[in-house]
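Below, chain A partners chain B and then partners chain C, in two separate complexes.
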Partner chain A sequence: MSKLENKLLIDVGSTYFKLCTKDSVQQHFRDFNKDIYDDLTYKCGEIIKNYEKENIHICSSANGGLSTLIIGISNSFSLKYATNIAFNSGINIIDTVLYKDIETTSIPSDLIDVVIVVGGIDSVSNIFDEKLFKFLKELNYSNIVYVGSKKDAPYLQKNIENLVILPNIINDKLHVEEENLKEYLTNLYQADIMGKEDIKHLYDITSNQIFSTPYIVNKTLPMIDSKFKVADPYILIDIGGATTDIHYSKDLVDENMVTQNEYDRLVFKKLGVYKSKESLIFAAKNNEFVYELLAHLKVTENIFDESSEKSTRVLMQLAIFLVLCKVSAYRQAYVNLKLLALNSVVFTGGITKVLKQEEIEDIVTFFYKKILNSSHNPTIVMDNNYDVWTLGMLEK
Partner chain B sequence: MSLLQEERNIILNNEYVDNFDFAEVEEFVKNASKDLFISYNFKTKDKMLVQPRGGFPTYDKMFALYEFFDKANVDVLPCTIDSNTRLNDYATAKKMLRLSEENEVDMLNGYPLINHGYRTSRKMMTHFNKPISLRHGTPDARLLIETAIASGIFEIEGGPITYLLPYSKNFPLDKAFLYWKYVERVCAEYSKLNEPINRESFGPLTATLVPPCITIVIQLLEMLLSLEEGVKSFSVSFSQTGSMNQDIVMGAVLRKLAKHYSEEIGVTDADIHLVYHQWMGAFPMDQNYASQLINMSTVIAAMVGANKIITKTKQEASGIPTKEANAETVANTQYTLRILNGLPNIVDKEEEEILTAEVMAIMEAVFNDPADTLWRKVFNSIKNGTIDVPFSPHIINNNEMITVRDRNKNIRIIKRGKVPIPDRCFEYEKNQCDLNKDTTSIVNDIIHDIGIMQ
Partner chain C sequence: MKVVTGVVGNDIHVVANRLIELSLQARGFEVFNLGVNTYLEEFVDAVIETNADILLISSLNGEAEGWCREVKILKAKYGNLLDNVVFMIGGNLVVGTGSAEDIVPRFKNYGFDLVFHQVDLNTGLDELEKFMKERDK
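== the complex of A and B ==
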């Protein structure tokens, strides 16, 4: 904790504030009727005033992250690479459009923070045409960036207003080149925070850059064994109020790509226990094993209609089960993890304050038995003290 | 409890491991017969050790194979692991083992050590009182190595680069380095109890036109990664290139630079050995030719002065060899070694000087990488193309270096990619080749090289 001397770390989540000093870690449930800054300074002002601005470090996932639409040529390269970069940059909401289907794709009605257009290696040209411009004209977006073949860049620049052009994320060997797009998205996140009324006041208390929480967590993972009894390959599951994040060791996927990170990130935007409670229940009702799980937990589906401490616990247990299903071969997702090779599962976020280790172990065992037909037993590690987040913040 | 021990506890808390008893295994290693340690055999036997390849799924067949090898006067027994275990898929290996046992048909291409378990395997591995070498190809070999040592297997082949770049397309290389760091540490820990556990690198790589400088650099780096974790007995290796002169030069330079670089990192108390693989490329279908090729490999190994030779069989071109064919090769190789007397000492100073300069230039570039650890420097060097392995399927490999054979069948670099081959050496390499041919002819030469021993 020596690195924490004189420092105050603050994580602004969608449900809780977390504050870490050299003496303690504390968390406060957010008051959603208040502005984040007001709420934070009301609850923690006494602590905050003891620290200089340059000694306060803040990360946040409270603004929901950026919403992103990726338009790409192929699922195997352009969409896959851009999605991977976006997730690892801390982006939370990603939708994709395969270019060949662009004419039949329904136009998203929500405002998109950033559109990423990608496709082709640099020697290829004439990839995009009028179809793209027509689609973009109907789309409501704030930023647009092109990271595809450089031969097409002038044509697109001529036809798309305010287009930012960055080097191609696919090199001539079909490898991913992530740095430029990653930097752009991280800066955009930063600008987004600066622009959001709710968050920008936080710069009144810190002179450091506010990073996105998932970005910080991802940075922590190579050092995690200094705090926990964890053996690679492992996954880290962060079940929060709005989303569920999984950070996973890259040897758990077959279709790996060469990047700087040892770990990649996946986000399930509809699996949260507060803000996305309805969609979590919807997902649960569509899973054929959930009723068996409810019976195992000795509750009925009426629990979905309740609002109690018990129902929150059950929802969290369901979230664990559903998220494991989503990354297993049971469901064809963006990635399928080799869960039988897992040595450890680390849980962080609000879940560690609600569920006991045995309750989580019970769900993980149930999942392996029912879905993978296996008695595999990865060790379960609880980040009760938010050490994952603290480690990453101190390294930044 | 140390971080390593914490990790070991997690790794061995695996559903396929039946209650791993660390204290009992330590006691076993401490009291094991010295003859089981190849490091001890290297010290005490005044001959080139002969080691075949081989592995069968069932205990009985594996035992029978060892009996055949024993009768053929083998020096080192092999334990080749099946490919499901190599990929950490112990569930499939278990099913296939059961099918093999029930139907007497081999459903696995090697011995599923994890599924047999160390208590069972130890009975066989210690029965013949000969050293056993673990041959696998596993990027994450942590559980396998723990089980192997607990079973009495005290030589571990492989490494993060040599067991990844030739075998895997997608497994992340950074992870492989970390997993092999665990292996080195475990080997180093056990080495304190009795004779050292020997680690051996896999020099053949893709066995396809790999130039000597790349082979040597990778051998040296895996050796250094191992020594820095405390391993005290290490074997560098390479396979027959197709040019006798180049093999002899490579052996001399590899031996010289292994000593040089181990001293550079301050390790003077480790034993370094040289291992030679008989031809690793496509074998002739004609079994008589195959026998001749094997015999010639043995002669070259003797010229190189190898401490161990790893044999092939005349059935190589047609499938997994029978135990009879395997034992025959062992007996024949032992015979050839016995009658090889008065070999001349061949030295090609110019070739040695060029090769040494190439290797040292690449090593310098690796060491100059700004990363803080050696494994990260090596990782970066592979990623940025400073080290480039021809024909590696792995996505991280640069694949820009192009090699061909010159008129004497030496492997020469005609395109160096990002590998920092000094200009003088690069000119020398190119000057040995006929580069007036058009590109199509050069490509055809490369393709036809696969069948060079037909």
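== the complex of A and C ==
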């Protein structure tokens, strides 16, 4: 904790504030009728006033994040690479368009914070044409960035207003280059915070940049073993109020994506136990094993209609089961993880305050037995004290 | 000329894969090697991203039989983007025994232009160069 001397770390989540000092970590349930700044200073003002602005570090996942639309020319490279970089930059809401289908893709009606256009190695030209401009004209977006073939950049710049051009994320060996786009998206997140009434006042208490919480957690992963008994390969599951995140060791995937990062992140939007409760229940009802799981937990589906401590516990157990299903070979998703090679599963977020270690172990065992027909048993590690995000914050 | 290559499916013959890459480079091709354990869709996507002229799939343990049946479907999916790409496959293309007389037409029917079953690498690449010269005449 020596690095924490004189420092206060704050994580503004969608449902809780967490504060970390050199002595303790505390949490406060958010009052949604109040502005975030007012609520935070009302509940934690006494602590905050003891610290200088330069010693207060804040991360947040409470402002909904940036909504991102990626237009790329192939699923295995341009779309996959850009999606991966966006997830690792802390972005949760991502839609993709495969360029060959752009004319038949329905135009999203919501405001898109950032459009990412990508495709082709630098020696390729004439990838994009009028179809792209026509699509963009219909679209309502705030920012647009091009990270594809260098040869197409002047043509796109001439035809797209306010286009930001960054180096290609696909290098000449078809490997991913993530730093430039990652930095751009992280800065955009920062600018987005500055523009949001609810969040921007947080700069009244800190003179440091506010980062997105998932970005900070991703920074933490290479040093997680300084605090936890975690054996590689491992996954970290963060079940929140609105989304569920999985951060995973790259050893768990077989793919051609070569990056410098040891860890990547996956987001399951609308899979949270508070703000996304309804869609979690919907996903659960569509899983053929869920009724067996409910029977195993000695509850019926009536639990979905309840609003109690017990129902929250069951929802969290369901969330664990569903995300494991989604990343296993049982459900072909964006990434399949080699779960039988897994040594540890780290749990962080509100889940560690609600579920006991044995309740989580029970679900993980159930998953391995039912879905993977295996008695494999990875170690369950609980971040009961919300220490995971504090490690990354101190490194920033 | 650009070539995308790699070993299809759950086949990990990395030495053969490296030899193919070196031979192609020695003949002056620009090579994009996806390595072993590559899905069919990844091959096609790599061709799209690099605007390659040739897709050269290899298989040593017979994985090709199960993985390459959908070439025509993928070609149809990408339409004219793949019209000028030469699809080539070589190695040991089936599990067990089989004659080239049976196997070559089968793979051509899957959508390959050039098929080499149990033919040595240099002969296959000579044929590829001959094919490209004829085509570009």
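The definition used in the following text is that the second predicted complex is superposed on the first by the 395 of 396 C-alpha atoms of A that agree within 3 Å, B and C clash if a C-alpha of one lies under 4 Å from a C-alpha of the other, contacts with A are read in each partner's own complex, and residues count from 1 in each chain.
FYI, a contact is a pair of C-beta atoms (placed from the backbone, for glycine too) under 8 Å apart; a residue touches a chain by one contact, two chains touch by 3 or more.
Just so you know, these numbers come straight off a predicted model, no measurement behind them.
*Asks:* If we overlay the two complexes on their shared chain A, which of chain B and chain C does A:P233 touch? Say first, second, both or neither.
*Replies:* Once the two structures are laid over each other on A, A:P233 reaches chain B alone.
*Asks:* Which of the two partners, first being chain B and second being chain C, lies in contact with A:V124: first, second, both, or neither?
*Replies:* A:V124 sits against chain C, while chain B stays out of touch.
*Asks:* Does chain B (first) or chain C (second) touch A:D254, or do both, or does neither?
*Replies:* Both: A:D254 reaches chain B and chain C.
*Asks:* In the overlay, answer first, second, both or neither for which of chain B and chain C A:T379 touches.
*Replies:* first
*Asks:* Please indicate which partner A:K173 is in contact with in the superposed arrangement: first for chain B, second for chain C, both, or neither.
*Replies:* Both chain B and chain C are touched by A:K173.
*Asks:* Touch check for A:D305: first (chain B), second (chain C), both, or neither?
*Replies:* After superposing on A, A:D305 lies clear of both chain B and chain C.
*Asks:* Using the superposition on chain A described above, determine whether A:E262 touches chain B (first), chain C (second), both, or neither.
*Replies:* Touch partner of A:E262: chain B, not chain C.
*Asks:* Just checking: does A:S344 make contact with chain B only, chain C only, both, or neither of them? Give me first, second, both or neither.
*Replies:* first
*Asks:* More residues of chain A are touched by which chain, chain B or chain C?
*Replies:* After superposing on chain A, more of chain A is contacted by B.
*Asks:* State whether A:D225 touches chain B only (first), chain C only (second), both chains, or neither.
*Replies:* First partner only, chain B.
*Asks:* Overlap of the chain B and chain C footprints on chain A, residue-wise?
*Replies:* 173, 254, 256
*Asks:* For chain A, which residues count as touching chain B in their complex?
*Replies:* Counting only chain A, the residues touching chain B are 173, 175, 225-226, 229-233, 249-251, 253-258, 262, 340-341, 343-344, 374-377, 379.
*Asks:* If we count contacts the way the header does, which residues on chain B are in touch with chain A in the complex?
*Replies:* 3, 6-7, 9-11, 13, 15, 88-89, 91, 139-140, 170-172, 174-175, 178-179, 383, 395-396, 399
*Asks:* Which stretch or stretches of chain C touch chain A in the complex?
*Replies:* 32, 34-35, 37-39, 41-42, 44-46, 48-51, 78-79, 81
*Asks:* Can you check the complex and tell me which residues of chain A touch chain C?
*Replies:* 73-78, 100, 119-121, 123-124, 170, 173-174, 254, 256
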